[in-house]
Amino acid sequence: MLLDDRIKLRIFGSSHSEEIGVVVEGVGFGETIDLDKLQAFVDRRKSKFGFTTPRKESDKIIIESGIENGITTGGEIVAKVLNENFRRADYDKFKVTPRPSHADYAAITKYGKGHDLSGGGRFSGRITVPLCIAGGIALQLLEQKGIKIGAYIQRIGSVEGKSYRFTLPCEDEVMSAGKKDFPVLDDGYVLPMMREIEGAKKTGDSVGGVVECVVFGLPVGTGGELTSSLESAISKNIFSIPAVKGVEFGTGFLLSSMRASAANDEFIYDETGKVVTTTNNNGGINGGICNGMPVTFRVAFKPAPSISIEQRTVDLEAKTNTTVTIKGNHDCCFVPRAVPAVEAMTAIAILNLL
Amino acid sequence: MLLDDRIKLRIFGSSHSEEIGVVVEGVGFGETIDLDKLQAFVDRRKSKFGFTTPRKESDKIIIESGIENGITTGGEIVAKVLNENFRRADYDKFKVTPRPSHADYAAITKYGKGHDLSGGGRFSGRITVPLCIAGGIALQLLEQKGIKIGAYIQRIGSVEGKSYRFTLPCEDEVMSAGKKDFPVLDDGYVLPMMREIEGAKKTGDSVGGVVECVVFGLPVGTGGELTSSLESAISKNIFSIPAVKGVEFGTGFLLSSMRASAANDEFIYDETGKVVTTTNNNGGINGGICNGMPVTFRVAFKPAPSISIEQRTVDLEAKTNTTVTIKGNHDCCFVPRAVPAVEAMTAIAILNLL
Amino acid sequence: MLLDDRIKLRIFGSSHSEEIGVVVEGVGFGETIDLDKLQAFVDRRKSKFGFTTPRKESDKIIIESGIENGITTGGEIVAKVLNENFRRADYDKFKVTPRPSHADYAAITKYGKGHDLSGGGRFSGRITVPLCIAGGIALQLLEQKGIKIGAYIQRIGSVEGKSYRFTLPCEDEVMSAGKKDFPVLDDGYVLPMMREIEGAKKTGDSVGGVVECVVFGLPVGTGGELTSSLESAISKNIFSIPAVKGVEFGTGFLLSSMRASAANDEFIYDETGKVVTTTNNNGGINGGICNGMPVTFRVAFKPAPSISIEQRTVDLEAKTNTTVTIKGNHDCCFVPRAVPAVEAMTAIAILNLL
Amino acid sequence: MLLDDRIKLRIFGSSHSEEIGVVVEGVGFGETIDLDKLQAFVDRRKSKFGFTTPRKESDKIIIESGIENGITTGGEIVAKVLNENFRRADYDKFKVTPRPSHADYAAITKYGKGHDLSGGGRFSGRITVPLCIAGGIALQLLEQKGIKIGAYIQRIGSVEGKSYRFTLPCEDEVMSAGKKDFPVLDDGYVLPMMREIEGAKKTGDSVGGVVECVVFGLPVGTGGELTSSLESAISKNIFSIPAVKGVEFGTGFLLSSMRASAANDEFIYDETGKVVTTTNNNGGINGGICNGMPVTFRVAFKPAPSISIEQRTVDLEAKTNTTVTIKGNHDCCFVPRAVPAVEAMTAIAILNLL
């Protein structure tokens, strides 16, 4: 399971195995990694609200190799967490009656019935733990080069919060959003977004949303042609995160309804003599290459497919139509927990391009 | 410039060199390639309307090696077209006064002043000629396996035409759209879309749009985890196409505002005993893997950045703010011509996953 | 309760009184009214699906005066239906703990505690019965003048169906939509729209939507200045229908993001020598006056506020925060039933302007 | 030309007559009107930017009767301004070749060729001068009752600025927006919105937008049933303003895609013991009646139809297709100037309901 050229990731374990972790190659020798900071980053994906999964995991990072005394050894970094509250047996019936909009049916067809679906197996949101460990390391390496990445919730269900789709992002505002329990730019949107989440929770339903991400400090020229374009590199990694169904850069889909006379980002010298653009509709990217402006993009997450209401599905053994009901408490909105995963996968993409 | 694992592409030449072409590795030995069909496919990206670039090119494909008598030899396929109407000198001034929302500034900073910007160099829409040659070959290989790919215009500016965002795509309708001069599903939208394009043209402006694409016949299980997910593979390739700023699968960004109780795609057996979903909001992809339904996605193209009105930019030599005016006739809407490029890059992504 | 200048309406009764009806003044003498057709029109607002209110009413129209042998007498038309399945007592508690997004709180504050909230009182969707009776009469009068009005569902929740927002409406398609059990232009959208409704129903929730309406055959010049503009007259009446939160004409809100070079509707002579516009972005209205093209508009309905889940509210006696749960089966999507009400109120508006 | 029940308006003059003014009945006796404040309000609709009409008018209000020493006399208020820079003859050709999306064709058909089209006649944006005079008086009367109305630009073209669609409006922020040269809530949006306007101006085109309006301090219970609903009363007046194509209250069209579990506005007692709702998705209106929350709505303006590019039209004398070019400098975005007109017409609607 190779992710990329320079930084290679390999995931081991799954949602309902004893442990889940990641092997990271390519970080190099002598890099300083602050493990407390890494733990704090991974902890950002924990449940902080009643609406998310009640499965409680300590998610204490165990470094097995590759980092000693906070310095990389040059060998593979192997890091993991223990899965403390898993129940494998629950998932067997989904091999026969696959859950709608889960990977069950596609995975069984691809890998056969021996495939472990427990907790979504490799398709679980729990896979974002190892991704966040690897990405948290990448974020620290980037920060040492003056590159910062911040993400936040921009939309929950129909509720659109503050966005930097049309305006220039404020670094302080972006970088402090991630530290909030409910990471948004403008706290005035917490209540209506919470209403969307609570509305879903009360009705046994789930709701999705949009995460916006900004990369500050990326050198002009980062990126390249064709599939080494910044957009290709970032989108490829972002679509690795479960439940992502769309990625758009800068003003994105709305840019395609604007005329160029308004959409084009004009160049000027700012007061410090730096070349900047007055608007940032292209999200800091021209021709696949960074133009020195903040790189901005938005990521669409679908609603969590596990809901407690009865749904139609097939019985793959009886070859009949039937229904399935998914018991247990479900994460009725995983968007707040997906925010660090977006930062993590972006960091790995950027590190690979530098 | 390697594109991918199995099929490797290398582009040579640029917009304003004598020729532009592609080296394709990995196609294998003994595959039948219909060169007339390939030429017809590449011809779909030609100007058919007054609103597109007046640069006329015959774009006759010259196979230099790798295909003999319509059969692949197993060696690298080298194919090219001649550039007949280029004027290199015109572009020198853009090294000093970079065009807004073009790659000029980022490319010069990255590659230095020796970099050839002519006609956008490697960043030109003309790069879609070799991409269409390579993709046209991939499309033929896929078709031999029962896989068909069709794309069409779904939006021009603000005008939303028919889409399969919410409904199941009709194969005949999709596959015949591409053969139209103005490739849309419902011809009732040709007039209002043309008004958007003519409005832009009359005012010296440009307008973008959205292309929707459907893959029929993809086997259940195609795709994989993390960056080998179908979404990762397709998005990586699609963002290689100049001017793409967003990609969304299935219902995409709108899916993130739906509740799972409506958004989830329920499974049923159809009348032929095949497992299908009643809706296709996930665009045929669950957990990064094809679930057997048509794979659907939409691609956002920004308006062509070359417009004839004066725009603000910097003078990189004088280090002052100035303006730039881009002479010549411009392609005021390249979306119709981008349709085959979307099919081409999708075909290469799919071929790499099989 | 006077509705307008020429045609005056007065509603009597309410949702949970013995009967509910309407007094219509101004229709004039000697007009032919087909009572079977009128009954059939009113029946279009009945529940046809399990998702709507289970309250069954025969809604047999009783003409008390004003129409004899199918001819108007020139006096007031008094028409009513009986309420067969009402339970008044259920509603008393809502005077103390008002239901969120219902009129309870505002009405009690305005009218005092003696106000009858039963079944929403005058605010109930049941008020659309007398509106449909009056509007059904207006529709027949208009049809005799060659004016036809057709409405249909254009969106349910997030699912956008076919619309004539950008294209010229086809009269046959519009006028036949209303006769369908589920009135949409393109039946391909029935399934995804039903999924939105069923998703809401299964979770004890409700969902709103958008109705689109087209008026064919309106003479050039209909309308006037200021509040006698076509838009004023129609919107005033449409906002009389419970739960309407928005009205837009032609391309509406999207028109405001277009440039005039594409948005303006150009005039041409058609093959019959009639002046028409090539597009209809203004919805047949220029300067408040009909330009001879079909008049098009869309109406936004909020989700039905009665849902079975517990909601926060106040106790107006104890002056404390509390919760309220609304028992009984609710209409989880009233949009299909609102379609004839849109036609009815439009007909009355048009009749007043002629 | 009667506008309403209590307050009656009659406009005299037109865009290109010697003067344009308004007769206001129903204001009553002994009301204090601050004429300087009234002048300042009317001045808010003046051109403040190069992008609006270059026609310069002093628009000095002349009170002819009804107000003496700043006190209403109880008689009709007659107020007017002089038209200083009009050229009537220019408009004659539009009787033969009507301008696309102007009222020319509909008005000539309705009123005959004798109708004065000069400057749009009664259909001109200049009609907002008398509307602002009448509305400015209404605003002062409302303010004396503790009711304040503030409007601001929420969108220009595709650029969405800050809105109170989902969050509770801050009175200070709203009421200070109107005093800005470019009235928006968040000044960060001035630049991208200006780019939309300048883009339109540079290309001889025009662009529309959306104005958002908030009414603070309206008593619970204001409004009524059917066409005396708050929504009916406001929308009827707002659609009197030229170029308005849509009105939505609260969360509006987006509300119709939300589920009630999130959309419903729950009641609580605030810290002062007042009943409030936690969200305001219904825009302060339940069942057509104010629930005590701020009343919010948005108004869609189409792009100004007068543009300098050649457009297709008909020759009504020759009965042939032809083209028309509209000379002179045009108002390429009237949205900033429409803001006070929205406040004015809202004030008159509210005053009529009290």
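Read from first to last, the chains carry the letters A, B, C and D; within each, the first residue is number 1.
The rule is short, and it goes like this: contacts are C-beta pairs under 8 Å (C-beta built on N, C-alpha and C of every residue); 3 or more make two chains touch, one makes a residue touch a chain.
Owing to the predicted nature of the structure, the values given are computational and were not obtained by experimental measurement.
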Chains touching both chain C and chain D: A, B
Winner on C-beta contact pairs when A-B is weighed against A-D: A-B
CA centroid of chain A to CA centroid of chain D, Å: 44
CA centroid of chain A to CA centroid of chain B, Å: 26
Contacts with two or more other chains, residues of chain B listed in rising order: 157-158, 199-200, 202-203, 205, 207, 251, 257-261, 263, 278, 281, 309
Of all residues in chain A, those that touch chain B in their complex: 1-4, 9, 11, 98, 100-107, 109-111, 120, 122-123, 155, 157-158, 200, 203, 205-210, 220-221, 223, 225-229, 231-233, 235-237, 239-240, 242, 244-253, 255-261, 263-269, 273, 275, 277-278, 281-283, 285-292, 300-307, 309, 311-314, 316, 319-321
Sites on chain B touched by chain C in the complex: 157-162, 165-168, 188-189, 191-192, 195-196, 198-200, 202-203, 205, 207, 251, 254, 257-263, 278-279, 281
Residue ranges of chain A touching chain C (in the complex, touch as defined): 158, 199, 202-205, 257, 259, 309-310
